[in-house]
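Down below are the structures I want you to see.
Shared chain: chain A. Partners: chain B in the first complex, chain C in the second.
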Partner chain A sequence: MHFFRTLFERIPPGLAVILFLAIFSGSVLSFKKMTELEDLEMWTFSRNHLPAYKPFIKKWNKEHPDQQFSLSLLNGRALERRLLSGFFSGTPVADAVETVMRTAHHSFAGPIDAIGFRDLTDRLKEEGLMDEINGPSFGPWTNRGRIFGIPHDVHPVLLAYRSDIVEDAGIDVSQIETWDDYFRIMKPLMKDNDGDGRPDRYLINVWDTIGGYLLLLMEQADGQLFDEEGNATIDSPINIKTMATMITWIAGPNRVGLEMKSNYASDYQLMLDGTIVGFFMPDWLIGKLRQNVPGLAGKLKVMPLPAWTPGGRRTAVTGGSVLGFPKASPNFEIAWKLGKQLYLSEELAVNLFETASIITPVKRFWDNPIFDQPEPFLSGQAVGRMLIEQAPDVPTRTSSPYLDLATKHLVNAAGNIKQYAIRNNKFTVEELLPETKRQMQIAQKHVETQMYRNVFLNKPQ
Partner chain B sequence: MKRFRTTPIWAPWFFMGPFLFVFLTFTTYPLFQSIVLAVQQTFGPEYSAFVGLENFRFLLSDPRFWKALKNTAFFASGSICIQLPIALALAMLLNRPSLKGRALFRLVFFAPSLIGMVFVGMIFRLIFEKRTGLLNVVLHSIFPAFDLEFPWLDTYLMPALILAALWMHAGFYMVFFLAALQNVSKDQLEAASIDGAGPWQRFRHVILPAIAPVASFICLLSIIGSFQLFELPYVLLDNTGGPQDRGLTIVMYLYETGFEIGDLGYASAIGWVLALILVGLATIQRTFSRKEEQ
Partner chain C sequence: MSQRPSARIWLTLIYIFLIIFSVITLIPFFWMFSASLKENTDFFSSLFLPTGDGFLGIAWDRLTLKHFYNLFTEIGIGQAVLNSIFLASSTSVLATICSAMGGYALSKYQFGARTFITTMVLSALIIPGPLLLAPGYQLLYNLGLLNSYAGLILPHLAPAFGVFLFRQAMLNAVPGELLESARIDGAGEIRIFFTMVIPIVRPMIGAYLIITFLASWNNFITPQIVLQSPEKLPLAVAINNLKGVYAEDYGMLMAGTVISVAPMLILFLLMQKEFISGLTSGAVKG
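Moving on to the complex of A and B:
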């Protein structure tokens, strides 16, 4: 008692308040009963998908009072960190997770039985979903021959162009079949209006720093950074030739490319003021631009991508989401039922197209008349039908936990080749091929060095 | 006279207990665990393989690590050689009693350090943007021949990073210098003036020795901060190392390796090498400042 009395006498009032608060709040928390999470959880990273999902989940919850789902929107990076931490520790996270390629690929870096997503291959085959869903859409979610999610989309890419500028110049885009045609026919638009000796308009948003678009064009030309077995194929002949060609677009006297992504206000400004005449338009970008850049309404049209060779592929693919089911979830059957209903719902497919212009990968819905409706933002074109016509032809992508790394090295290689071209005044594909080959081999070696260190994927050479 | 213990022997442990628990759980254990990780390859806690010193061996031959180290060292030396003299100059300027509006200027110079690094990165990205960036638009409007597409971040990436950090930190370090300058003995300064010492001599022989301990502390702070550089290039370069990895720093590489590639073992090895570098630099710096003090 003497000790406590001495203690209380010596404690200053400020410290006493802090101690009181600490003891009080600590006690309240320790005695508070943990709230049990009764709901099943679905996570999504996409604000764009949310308006289409909310009514569906609401309806589900009304019809299934004992299987209530809560839908949470998480920032993509936060979702990835939480999900991978959950996978590594075996802690249940959500019961169904809608995520992007990057997150799924990072979960593929270990032994196949350690992948945190449930292997859906047999289930998809048994229930006939492999035939129902567009084949190439499974590519990014397939690893070592097994499929780990239901694809959400197809994401075919068209070419958008400033129809007001092009039509004012009397250009007929129906004559365009290949990239060579495109640049030849559009070239008169690259004028120097302010007399500073540089063009004020460019024809395509390709640049050495935008790895996603370099890859998109390589895939259109049937190139890949990894094969189906996961081996790096960065220095394949088709990739080298495509890269050398792209460098001629961004350096030298015949430059036609401009650095423009599609994420920032500065990008939108380049579209609005006509600095960029043509740019890649995946389906999801249509909805995004309609919302963010209404000033472009009626000034844009789309056409199939010019092919690399006559008769070649007129589309490409970029982005993608998947619905995966964490292994640690004890509610797989319910989550699967919800996921299937959600992704295979015609109502949702229509809603997703109306709100975000995203095309469903479920082939039987492609006949829905909604896809034939004219899109006022794109000068009344039936963009849904145009996207669906290209959907079966999108390149099949492969998956690798090293895709991000490979893309970074691809960007470095592109920058080095561009510098080489400028330094040595070499601006034709033939002149650039040897240096391109060398740079792509360096990129390949860097990626392989990292890959071969991974004892879990273990492919020593 | 014999002294008696008035408090029970367990009392210190009782009071230190909460701290010790938190310290051992969240600092000591992870620290030792990171040593274990550095000699392993892992995929979550369930899958790990002992690889000995392979992570460190690979690090020595990894060109990206050396590039990151070179970039970080360049940034650190740029920060020390530019930031600190400017901070000191600002402090000396604002320490002059004759200057009107000193409080306002102090606030103006200090204000950028109240903004988070992420926002500084975003602001400077808007400034250095091609075509629509503030810098290029202004230069093009003044000199029409100036190329609107001039790629500042491709051509002068490290100077751009140093400039952004300078804008943010100069005012922060200025406050430290200002506090030190206000403690410089006025008598000594007056005596030096009476003895005929000019402004430079007063600075060299009176002010500098008086503020040396603070300058030494700021120097250490700046070195450590520079070697931990992450958010600024991460935001400014859109989660890349910039063209040819010219903006890749050690911590960015650590993050990329550990959290993007998922190789926590190699990331731990990088972390330990970074820690050793910092310990080495701090030791050198302390040795020099002790010699100065003596």
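Moving on to the complex of A and C:
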């Protein structure tokens, strides 16, 4: 008692509380039995994948008592840091790693034989996986002709539209084939009924600040920021023309675009109140909206993206994840077996579609009737089938470690061209082409300068 | 003694301003708390509590505690709370003691390398934390401390900021004559430190304790890099893991945030006197 009295007299009550907490929590934790990590590890960045993966790993561990796996969920940035640290300094990494494009691309910055992921090209060919998996989905994981992962998804993009508003206005979307058709047919919706001098509705969520969507549209038009050898192609003629066209959508009297991503409450509000009539809808966004904005149920429909030219591509692609196998792992064969079983499991493919609306890249599962089921959130459309019809046609993307940088410069260029258009009152594609070319060349030069500093990708001059 | 009317008006105005700013400060907390009680269907359709026919125009029947329930039953957030409490409390207590000891040594002991060590401590202050993540990770790996609580506590035991803070506080506040008298009276160094030095810098102890507790409680990136077992993760990381890639359960995220804010609020209420006096000590000379 004397001890405690002295303690409380001498130390502040806050410190006493913290001391008590330290002793109490330390005691509880020291008696608590912690699960030991298994010898074999798999990391994933996605909490959404866990419910499907956990039973699978549990089943695997039951069937393979001497090849036990633990599955860890890591925040994307932490996973990237840990993975790249492991690649560069030999600290421990998992035997199988599920990660996103950004992380994989960052690991591609060095010489091809120093990339931390195992080269799977020959293995994929030998085991017939190249034919089994949707071809374009390998793009982001292919570097200098070699493949470093099994794609998890396809992520085709459709166009979502507020079907209640469009159908009330008597608009028939079946007449739409190209972007020109889309804006012409939907234009009557852009009235200013509230008299504030601005249209009450906008037709598409394209804006100069949203690099991902600028890139998405460029890729739809067969443009790329890098070629297959990794050279920057930002100022290619097709990119210049696409960029100039997009600027006419967001500036001037014919503006149809609105700044809206699909992540924030404000974005959902724009969807709910109909300020945005049409927006890009990758497969994963369907599940996200279904959960986060149930008020949109029955008010949305999807259609293939309008093409840039008649007969052109009716889809695009955004996002993606991969399963890679670090070279440092001594257990590649076991990890490969697990990864193959996991990613080529029909049960998992069905689960992924049911929970997140994501379609599998494994083509033989595309006949599964689950993909023909009507989706109540999208007014009963068989959205799975619509996505699968577009899946083989998604643009093949490249995997430059400089993609993030190039996208940032693309955004700078778009902002500058938009300002130029407003300052000079030039709002047609032809009027904007010279300035667009100049800005895209500037962006190209900036990226090239950065790339030339990488002695692994370029011989020093 | 009654106040003059002008003083009363002035005081009233001050209170009105304070109330307005308090309300502005509290709005995000109220939003967070009301969001943690809402169903997902109401999340984006009402700013605060869902509107309806109930008392004050609120749909009380649509409020739910299921997010809190799910957090503890499905996600097991209780373990994360315990981890956070352990990491934050042990780190803050140990860091405060070690920093105070370091600061005391640098301010009151005469030894050969004192200037050199003080310069090193000062130099360490200018190194940005993120720069130390990669070498720190490798060091912990070599020491075999990855995936352990010690891997998170040990690197934060004597931060340069704390050592320098206590050195400055003790330089003027602790008179050398007092220490000499204690030594003459036969007190040992440990006794002098705990019974004479610490009570003198008590406000600084309180302030530093709460600063380190808060820093450790909110530490986000280091635990993710050092720890691997999900059951060892602290609250900040566990809540971040609630964020999905394809979908977010905002109600659960907000409930988790409420849980993570509550202990800090309680602690601050307990220690606000020490914290404020610690921050203001030395602010006025005289």
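Everything below uses one rule, namely that the second predicted complex is superposed on the first by the 419 of 461 C-alpha atoms of A that agree within 3 Å, B and C clash if a C-alpha of one lies under 4 Å from a C-alpha of the other, contacts with A are read in each partner's own complex, and residues count from 1 in each chain.
FYI, a contact is a pair of C-beta atoms (placed from the backbone, for glycine too) under 8 Å apart; a residue touches a chain by one contact, two chains touch by 3 or more.
These figures come from a predicted structure and were not determined experimentally.
Peer 1: Using the touch definition from the top, say if A:Q341 reaches chain B (first), chain C (second), both or neither.
Peer 2: It touches nothing on chain B or chain C.
Peer 1: With the two structures laid over each other on chain A, which partner does A:Q441 touch: chain B (first), chain C (second), both, or neither?
Peer 2: A:Q441 contacts neither chain B nor chain C.
Peer 1: For A:S89 in the superposed arrangement: first (chain B), second (chain C), both or neither?
Peer 2: Both: A:S89 reaches chain B and chain C.
Peer 1: On the A-aligned overlay, A:T121 touches which partner chain: chain B = first, chain C = second, or both, or neither?
Peer 2: A:T121 sits against neither chain B nor chain C.
Peer 1: Quick check on the superposed pair: does A:Q269 touch chain B, chain C, both, or neither? Answer first, second, both or neither.
Peer 2: So A:Q269 meets both chain B and chain C here.
Peer 1: Which partner does A:N368 contact after superposing on A: first (chain B), second (chain C), both, neither?
Peer 2: neither
Peer 1: Which partner does A:T396 reach: the first (chain B), the second (chain C), both, or neither?
Peer 2: Neither partner.
Peer 1: Quick one: is A:V455 in contact with chain B, with chain C, with both, or with neither? Answer first, second, both or neither.
Peer 2: First partner only, chain B.
Peer 1: Mind working out whether A:N61 is in touch with chain B, chain C, both or neither, as first, second, both or neither?
Peer 2: neither
Peer 1: With both structures placed on chain A, which of the two partners, chain B or chain C, ends up touching more residues of chain A?
Peer 2: With both complexes superposed on chain A, more residues of chain A are touched by C.
Peer 1: Using the superposition on A, tell me which residues of chain A are in contact with chain B and, in the other complex, with chain C.
Peer 2: The overlap between the chain B and chain C interfaces on chain A comprises residues 81, 89, 269.
Peer 1: Which residues of chain A touch chain C once you look at their complex with the stated criterion?
Peer 2: The contact residues of chain A facing chain C are 10, 12-15, 17-19, 21-22, 25-26, 28-29, 34-35, 37, 41, 45-48, 72-75, 77-78, 81-82, 85, 89, 91-92, 265, 268-269, 272, 284-285, 287-288, 290-295, 356-358.
Peer 1: For the complex, give me every residue of chain A touching chain B.
Peer 2: 3, 6, 81, 84, 87-90, 106, 109-111, 114, 194, 196-198, 208-209, 259, 266, 269-270, 275, 401-402, 404-405, 408, 411-412, 415-416, 446, 450, 453-456
Peer 1: Help me check something: in the complex, which residues belonging to chain B touch chain A?
Peer 2: Going by the criterion above, the answer is residues 6-8, 11, 41, 43-47, 49, 51, 54, 58, 63-64, 126, 129-133, 144-145, 147-149, 154, 240-241, 243-245, 259-263, 266.
Peer 1: Can you list the chain C residues touching chain A in their complex?
Peer 2: For chain C paired with chain A, touching residues are 40-41, 43-45, 82-83, 85-86, 89-90, 92-93, 96, 133-134, 137-138, 141, 146-147, 149, 194-195, 198-199, 202, 205-206, 209-210, 213, 221, 224-225, 228-232, 237, 240-250, 267, 270-271, 274.
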